[in-house]
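Sharing a structure, written as structure tokens. Questions coming.
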Amino acid sequence: MSPAEILATNLLSPVVLAFGLGVAATLVRSDLEFPEPLYQSLSIYLLLAIGLKGGAALSVTPLTVFVGPAAVTVLLGLVTPLTAFAVLRAALRMDRINAGALAAHYGSVSAVTFLAAVSFGEATGVPIEGFMPALVALLEVPAIVVGLLLARGAHARPGEGEGSGSWAHALHEVITGKSILLLVGGVAMGWIAGKERMTPVEPFFVAGFQGALTLFLLEMGLVAARRLRDLKEAGLLLVAFGTLVPVVHGVLGVWAGTVAGLSEGGAAVLGTLVASASYIAAPAAVRIALPEAKPSLYLTASLGITFPFNLVLGIPVYFALASIFGG
Amino acid sequence: METKNATMVTIVAERLLRDRLVEKIRALGAKGFTLTEVQGEGSRGWQAHEFEGPSVKIETLVRAEVAEKIVEAVAKYFEHHAVIVYLTDAKVVRVRKF
Amino acid sequence: MSPAEILATNLLSPVVLAFGLGVAATLVRSDLEFPEPLYQSLSIYLLLAIGLKGGAALSVTPLTVFVGPAAVTVLLGLVTPLTAFAVLRAALRMDRINAGALAAHYGSVSAVTFLAAVSFGEATGVPIEGFMPALVALLEVPAIVVGLLLARGAHARPGEGEGSGSWAHALHEVITGKSILLLVGGVAMGWIAGKERMTPVEPFFVAGFQGALTLFLLEMGLVAARRLRDLKEAGLLLVAFGTLVPVVHGVLGVWAGTVAGLSEGGAAVLGTLVASASYIAAPAAVRIALPEAKPSLYLTASLGITFPFNLVLGIPVYFALASIFGG
Amino acid sequence: METKNATMVTIVAERLLRDRLVEKIRALGAKGFTLTEVQGEGSRGWQAHEFEGPSVKIETLVRAEVAEKIVEAVAKYFEHHAVIVYLTDAKVVRVRKF
Amino acid sequence: METKNATMVTIVAERLLRDRLVEKIRALGAKGFTLTEVQGEGSRGWQAHEFEGPSVKIETLVRAEVAEKIVEAVAKYFEHHAVIVYLTDAKVVRVRKF
Amino acid sequence: MSPAEILATNLLSPVVLAFGLGVAATLVRSDLEFPEPLYQSLSIYLLLAIGLKGGAALSVTPLTVFVGPAAVTVLLGLVTPLTAFAVLRAALRMDRINAGALAAHYGSVSAVTFLAAVSFGEATGVPIEGFMPALVALLEVPAIVVGLLLARGAHARPGEGEGSGSWAHALHEVITGKSILLLVGGVAMGWIAGKERMTPVEPFFVAGFQGALTLFLLEMGLVAARRLRDLKEAGLLLVAFGTLVPVVHGVLGVWAGTVAGLSEGGAAVLGTLVASASYIAAPAAVRIALPEAKPSLYLTASLGITFPFNLVLGIPVYFALASIFGG
């Protein structure tokens, strides 16, 4: 496929079109609203479903195949918050607290971006390792811890008083937070049950998946577009950060994935993972541990800039890169 | 039926604070509370409910002394969190219950 | 099939039985309630799904095949509010405001009635043009505008003050309202993506459709039965209006569809569309532009009388007519 | 903690009016509000929430002058819409916030 | 705009009582009410909402005499059910409506 | 299969693993919460789906095959509240009111436990009569009536005043309660429509079923684990009651089912039904008719003790018994 064809394939996919419809609905000031419980239900379903699928795949993967990519993923989770932090401090002259908060987001991962990448792989016929969801789980947590450490710096006060964030509380929140719990829980269920025992639940969790994801992206479009209002305030530098740093991280991820022995598709998806910014687990943890950091900053960046950027442009780019690196 | 005075303390807060506030008011002597999911807008320019889920309104009927203590406990969150607290007068029938 | 068999096929379909169960639940005062978010979620799903399906079909339909039915549909959307209005003014001696409000409803369309007709076609093996959902979208809006114009008459005051309805607001509401947005948005998505790219979302949006519709009709039964209470108040004349005018419109629609070159099934479904009365888009718009019109009147008529009438009796009748006209 | 008086304005309205009322109270000087989804029954014989979705309760803590203006603005909807408004006295701690 | 006094009766009850309480307050002369789904904790050691669904808050603006009667009617449920009732003063504009 | 293998098959099934994940989430104090409307929606879906399936099966079952199991089921519904009551009064020295309340629960039935048993049958390849859901409906009501009668004893005051429970109200509640309504309504729909007309709704109601059940059990795990806190208070005697009486009832059910001519799988499922304790219909009715009974007692027993016991251990035991009795 030519670069133009690759881009078109992505833009014309139901998932990206649904996102666009959501954005459009907000722009024309439609009264379309997703009921909150539908959003939550779809989140639960999607996270559990990818966990189950990943776990079932993991149960038939030799440990030796998995260990390399897993190690590289954890490493990336430790390194990428540092690069994000460095850029924010040096180029954007951001204060330590907000820079650390953003670093936690950009080191961590967006499960929906991951899913969009997998969809893209399927649509373009590029095979992807089935165990990738396990990597999502591995990438989610470490970066958040690093980001919080960077923000607190020497002043870290563990277990602070009321009205302010407590470390222990934030850590507990990340690890037992619903996104990790469903993802890791799903992986464990799929791994314990094994591929065969999962057969009866496949029509629900596998066949229905792409459609549910499409519906979810419609809502994501509604939500992300509401963030667009804040873009003016955010300024050009944040937009530059929210598009360039993901590309840097994406290149890093694709390259590291290729080196660690992932297939072309696997490396592309790992690149996407690394390039993506968390907008569920990280905000929750940051809000607890760093209540003084500005949510308008980290939410606008991760949800309003980086998420749409990766969805529309980033993913095809990371796949193109993977085919170059792997070729 | 004879009614006695009690103070209704109402707290509206971002969801994040829900469990902390509930524990706090229990600890300070409230014998019950009612919790409603709400949306809101205040002095903070962002709507917490977009990623935390809906905000919460916590209402607790208490004696005046307890009300005072709750207001003080909530005030600790004013600086960094989306939260307000206010008091209204109410009349109840089973005064020992509150 | 004999007329009796056709009627039985309809009455014994899961969709109509579910509606009946909902009515029964209300009559025996069961505590069965659909949570509001489930109702909203099913609406979103159904509207988007029919849009997607219609759009995918449209993408493989030559323009020449579509243009005739489309023109006829728009025409019907302009004519039927006039017939409804005339009947209401002349035979029911209704005031201009309420007559206009009702005209908006009876000119517009009920998506669920449309779906029930398509189901019926599938159950009886009558093929139906795939692009019909695009006609639903075309029929929905014009009638509402005509109805509001009729109600306001010479007294139309554009952009009126607070506390009263504003034209601009109502028009905006209809066009960006969630039912149009999802329907038109879905058609656009399906049309842009094309049949092949829709394959991965089919298990969710196509295979699951009939079941979700059945569940939705259970809720419609609950809702419609609550309207039955208001029937006494409404009076016999309204009942006559709510059953006879749909038949007149249905005949018109079937005939016009046949003339415009639709297949037997397509003409029957167009007839059903024209015969149906809106109970989502029209009430919303009327409530804004004509707050002085009585909701108890237009909701009881469209939801309490015409909807069940079409579901149970109307649909088989329009199919029978189409087979006569087309034969 | 010292408390000052403020007025709580509560509006219960059919959903249709939600955005109009919110814009109005913002324009009249309310610095925040809390919105709850409710169901209700009043003098109108039909339940708007059947096709519009749930009604809304909008609560806003304001100064007495602003309360007065909000009541007047809401009154414009009395004739054709399902809506009520009422006032209660409340005590707040950060009086400049309201 | 001139306001008159009215009494706001608030009942918070386990869901089970919803329809019974609504019928009761209608019968006692309330001309309307607003119903909110809530969660709560009180003197009973179990949370009704786990199997009955969410609790309900019923608010009704009435004249003082009606308020008194409603409180008495609700009091009948105190022994075996999760329910509280309290009164607050409110000001309304269309006094005949309540 | 050896007993160990049978047990493993159950423990490794997605349904039981999901329950375990829910329990684990509560134990680690995760913030995972199911939105209330999702719980309600899944309940509606599951109850309607099993009704539809059962009804469709019933429509092709000769009456002579059904009448024996049906009679036995009603009989069991009358007898088991008596055994439960006797044990509670004699061995636990419980007061009449609370003993009657518990008897109503243990005589009645848990639809989710039923579904888990059917899943288990499918996973182990044991065929089960398709009409079993009709038996669920038959077993649900009688026991509740018996339990209430036992509690009220000679003091039954029909139609009591306000603030206290009314008989008529409670009975109405059980019979028109949503669980019976959906189950019986579904059976009626499936039976009237017949197998063939149900085909279009099968992807939704049949193929998706196991997955939806898995999701539901995740929530059941969350809910049941919250009850564990109350176990200390409940005491050892209640734990013994909540595990031993189900086994006794289960043995009775398996034996009676075998005698009534059910297949091995059918007898095992009937045993499970009889062994299970209601936690939806019974609490609702008991709360109305016996407001002075302690919900903490009957909910903890049925939801916190018996439900997990049957799910994890009971079901494989009843299947093992059925294979012995039937062999």
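As written, the chains take the letters A, B, C, D, E and F, and residue 1 is the first residue of each chain.
One rule holds in what follows: contacts are C-beta pairs under 8 Å (C-beta built on N, C-alpha and C of every residue); 3 or more make two chains touch, one makes a residue touch a chain.
None of these values were measured; they are calculated from a predicted model.
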Neighbours of chain F that also touch chain D are C, E
Identify the chains in contact with chain A as well as chain E, in label order.
B, F
Name the chain whose C-alpha centroid is farthest from the C-alpha centroid of chain B.
C
Farthest from chain D by Cα centre, which chain is it? Let me know.
F
Taking shared numbers over all numbers used, above half giving same and below half different, the chain B and chain D interface sides are different
Comparison of A-C and D-E (more C-beta pairs in contact)
A-C
Taking each chain's centre as the mean of its CA atoms, how far is chain E from chain F in angstrom?
35
Can you give the whole-Å distance between the Cα centres of chain C and chain E?
40
Chain E residues counted as touching two or more neighbouring chains:
36, 78, 88-89
Show the residues in chain A shared as contacts by 2 or more other chains, in ascending order.
35-37, 40-41, 203, 207-208
Touching chain combinations (by label order)
A-B, A-C, A-F, B-D, B-E, C-D, C-F, D-E, E-F
Quick one: which bits of chain A touch chain B in the complex? Just the residue numbers, please.
36, 40, 161-164, 223, 226, 230, 279-280, 283-284, 287-288, 291-292, 295-296, 299, 303
Which positions of chain A touch chain F when the two form their complex?
35-37, 40-41, 44-45, 48, 52, 172-173, 176-178, 181-182, 185, 188-189, 192-194, 197-198, 200-205, 207-208
Give the list of chain F residues in touch with chain A in this complex.
12-14, 17-18, 21, 24-25, 28-38, 41, 119, 122-123, 203, 207-212, 214-215, 218
So in the complex, which bits of chain E are touching chain D?
1, 3, 6, 8, 31-36, 61, 88-94, 97
Touching chain D in the complex, chain B uses residues 12, 36-43, 55, 57, 68, 71-72, 75, 78, 84-89
